[in-house]
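Below: one structure, written as C-alpha cells.
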C-alpha cells in the first residue's frame, strides 16, 4: 500500500461518489430488489406485495420447465466450453511455435472477437438454415437430415457451435498471452535437456499454462450462463419446444413476456449464486497461482 | 533454436490453416450470401463465390434498418460509455489509491463485487430502475419517513421520478460502471512511486492538479487499452437496448440486426431475405472489426489486463 | 570428453552482423571464459555452441563432429542459464532429473542418480521443494546439478553468477571451479565480470563488438594485453592511459615528461605516436620532480592492505595503488615513477600492442 497520500479527503469523496452512486442505483438496488421480489409476491408496477418466504423458489424448483432449462444450460455450457477452450488451446499452442507467418495466423484468430453475439447468431442461423446454403444441399440429398427448426438436438448443436465459435478468439488471446509469459529460457532449457517440441508442450508449456486454463474455463462457463442471450435470441428464440431455453433466456421470457416478476427474480437469484460461486472458485485458484511462482 | 522438425512444421501449418479456415469461412459464407440475389441464396448447389449484388443488398439493408440513424445512435452510446467508463475508472481508482481513509478498501470491494452481478442476472429489476432512476431514493425517503415529514411541513407530496427509457442516458448509465476498469487503474496507480506524489506535493500541486497533469498523461496506454475493448463492448450491446428502447429513433445496430429476419418463433408469413440480412450483418460487423485489427496491440493488452 | 573447434563463425540478424568471423580452438577438458561487455556477441557465440541460435556462416565442431545442423539435444552440451531457467512447476528432484527422464532412464536408476548429484552440490534436504521456495544460491546449485547429472561432454555457462550477491558469487565461483576439477568436462563460461574471468579461466577469450580481441591465460592477458581495449578491460583498478611520441630510450609526453622504455622496444618504434598503458599497482609515488612526471593529488580511497591515489595529470585522471600508503596533501604535486619493464605500449592509431622487432615476427597468440 502507498505511504504518500493526499490529505484532502473531501476530494477523495468527490472522486469516488459518481461511480458509487451509479453502482448503487444500477447494481445494488436492483439486486436487493431482486431479493425482495424473490421472497414476495408482487403485482408488476406497484400494487400489493406479500411475503411468501421460499414459496417462489419452491415453485421454481418443483417446476419441470425450470429443470429442463437448467439441463439445457448445462449441456450448452459444457458443449460450448469444451469446444471453444479446446480449439483455442490447440491453436494457441501451435501459433506460439512462432513459425513463419504466425502473426497473420494470430490476427486471423483474434478478429472474430469483435463480432456482436447477434451478428454471430444471425450468421450461423443462416449457415445452418435448412432452406438455404450448404444445409439445403444436405437436406436435398437426405431429406430431413437437418432440421434445427423442429429438432431440439439440431437446434442445440447449432447454438453451441455459434456460441463456441464466438468464444474461440477470446480464449485464444488468453492462452497465447499465457504461453508468451513463459520465459523463453525454460523452453531452451527443455531443449538442452533433450525434450523435443511436443514433449516440451506436454511437460513445460501445458503445466505452466494451468492457471490460465482454469481462469479461461471458469470465465467460459460463467459467460455461457449470461452472455448466451444474444445468440439464443437471434437463432432459436429458445425453441423448438424449449430445447434451447437457457436459464438467462427463461428469466427474460418469464419476466418480460410472462410478467412473472417474482418467478424471474427467484431465478435471477439462483443464477447469481451460481455466478458468484464460480467467481469465488476462480479467485481462490488465482491466489494459488500467486504462490506458485 | 535449431530444430529439424519438418513433419511437425507441416502439421503445425495444417492445424493453423484449418483454424484460420474455421474462423474465416463462416464469415466468408456471410459475404457470399450478402452478394447474391434472393433466388441465388437458396440455389442448389449453393453458390460458393460472391455475386455482384453486394452493394445493392447493403443499400437495401441500410435503408430497411435505417442504419444511418442507428449508426449515429450507436456511436453516441459507444462514445458515452467509453468516455464514461474511463473517467469513472480513473477518478474512482484515484480516490481509493491516493488518499488515506478507512473506506478505501470497502469502496474498492463495493465496486469490485459488481463483477459478479452481470446485467443478465439482474435484468428485470434493473429495467424497473431505468423506468425511474430515482426510485431507490424515493423508497429511502418513504421508509425513513422523510416523505411524510416534508409533506407535513411544506404540504408538498414528494414523488421523485426520472424515466430513462428511450433515452441515451438510459442506454449509457447502467453500462458505465466498471469494476474491471477501476481495477486496471488501481493496479496502474499502485505502481506509481511514492516519490512522484511527494515531488508533486513539494512543487505545490494539489490532488486534482496531480491527477490532471501527471497521472492522466502517464496513463495514456491504459486509456487506449480500455477504450478499444470498451468500444467493442458497447458497440455490440444487445440485451439492454432491446429492453430500454422501444422508440426506434434511439435504436442501436446490434438490436436492429435481429429485426432483419423474422424471428424463428414468429408466425407471420414473411420470407427471410437472407441476402439482405447478411449484408446488414456485414455492415454492423465492420467498425468493431476495424478497431480490433488496427488497435490489436492495445486491445489485447486491455483484455488481458482487465481479465474481462 | 570433447574439444570444440570454432572456425570463422558469423551470426547475423537480417543485415545486422553481431559476430564477425570468430576462430577459437578449445582443448578437451579446458575451462574457457569468454569475457566482454554486454552486446559484444559473447552470449550469442555460446548459444551457437549450444544450438539455441543457428550459425549464419562458418562452422562449429564438437569432438570432431560438425554440429551446425544438430539440435541442442544432439550435441551433448549442458547449459546453466543466467536466470537458471528452473521449471517452476517441478520439484528440485524433478528439475535435476528431467533430462534423464526425457532420455528414458528407468525411474529407480534416475532417482538414485539425482540423489547422488544433489548430495554433491549440497541439495539433499531440498529435493522435494519447488524452485520458488529456494534462495538464489540454492537455485544456482539446482541449475548446476541439472547440468552435472547429464555427464555432458561440454558445459556451457551463460553469466550464471550475475544474479547473486557479491559474497555468494565468490562462493559459487569456487564451487564451479571445484566441480570442474572433479569432472573435467570442457567448459565455456560467459561473463562480463573480468574478475570472474581471471579467477576461473584456464584460458580467457576477450571479445569486443563481435570480434575476439585476445586469447590467452589470465596471466598472459594481464601482463601483455594485445590492445588498448584489453588493457582497459582487464585489471582492477583500471589501467591508466597516456599518449606521447616514442623517442630514444622512452616516450615523450605532451608536457615534457618522459617515460622510460626497454631499449629494444624504443628502437623498434622510434618516432611513432603511441598510447601508454600503466597499471596503478606498478607505479610508485616519489617526491615531486623525482619521477617520470609530476601529477596533482586529488583524493584517495582506502582499500585496507593498500590505498588507491587519484591524481590529475594534464586533462587526465590517473590512479596509483600503493601498499606503503605515503601521506599526500590534497592539491600538491607528486612525482610518479615508472619502471621501463612495466610499460604497455600501444600504437596510437590501431590501439594494438607494440612489441620489440623479434616479438613482432612471432605469430599472435593462438586466436
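Going by the order they are written in, the chains are A, B and C; count residues from 1 in each one.
The criterion applied here is as follows: a residue touches a chain if its C-beta (ideal position, glycine included) is under 8 Å from a C-beta of that chain, and two chains touch if they have at least 3 such contacts.
Nothing here was measured: the structure is a model prediction, and the numbers come from that model.
Trainee: For the chain pairs A-B and B-C, which is connected through the larger number of C-beta pairs in contact?
Mentor: Most C-beta pairs in contact, of the two: A-B.
Trainee: Would you mind checking which chain's C-alpha centre is most distant from the centre of chain A?
Mentor: Chain C.
Trainee: Using mean C-alpha positions as chain centres, tell me how far chain A is from chain C in Å, no decimals.
Mentor: Whole-Å distance between the two chain centres: 57.
Trainee: How many Å are there between the centre of chain B and the centre of chain C, using C-alpha atoms for each centre?
Mentor: Here chain B and chain C have centroids separated by 58 Å.
Trainee: From the mean C-alpha coordinate of chain A to that of chain B, what's the distance rounded to whole Å?
Mentor: So the centroids are 16 Å from each other.
Trainee: Please output the residue numbers of chain A that touch at least 2 other chains, ranges allowed.
Mentor: Counting only residues that touch two or more other chains, chain A contributes 188, 191, 196.
Trainee: Going by the contact rule already set, what residues in chain B reach two or more other chains?
Mentor: Residues 1, 3 of chain B each touch two or more of the other chains.
Trainee: Among the residues of chain C, pick out those that touch two or more other chains and give their numbers.
Mentor: 51-52, 71-72
Trainee: How about chain C: which of its residues touch chain A in the complex?
Mentor: 50-52, 71-73, 77-79, 81-83, 85-89, 98-99, 102-103, 130, 132, 146, 150
Trainee: Within their complex, state which residues of chain A touch chain C.
Mentor: Spelled out, the residues of chain A in touch with chain C are 183, 185-186, 188-196, 199, 203-204, 207-208, 210, 291-293.
Trainee: Can you name the residues of chain B that touch chain A in the complex?
Mentor: That would be residues 1, 3, 5, 8-9, 12-13, 15-16, 19-20, 22-24, 26-27, 29-30, 33, 41-42, 44-46, 88-89, 91-92, 94-101, 107, 110-111, 114-129, 133, 135-136, 173-174, 176-178, 182, 190, 194-195, 197-198, 201, 206-208, 210, 232, 235-236, 238-239, 242-243, 254-255, 257-258, 260-261, 263-265, 272, 274, 277-278, 281, 284-285, 288-289, 291-293, 296, 300, 303-304, 307-308 of chain B.
Trainee: Which residues of chain A touch chain B in the complex?
Mentor: 2-9, 11-16, 18-20, 22-31, 33-34, 37, 87, 90-91, 94-95, 97, 99, 101-102, 105, 107-119, 122-127, 129, 131-134, 136-137, 140, 149, 165, 168-170, 173-174, 177, 187-188, 191, 196-198, 215, 219, 222, 225-227, 229-230, 233-239, 248, 251-252, 255-256, 261, 264-265, 268, 271-272, 275-276, 279
Trainee: Under the definition above, what is the set of chain C residues touching chain B in their complex?
Mentor: 51-54, 69-72
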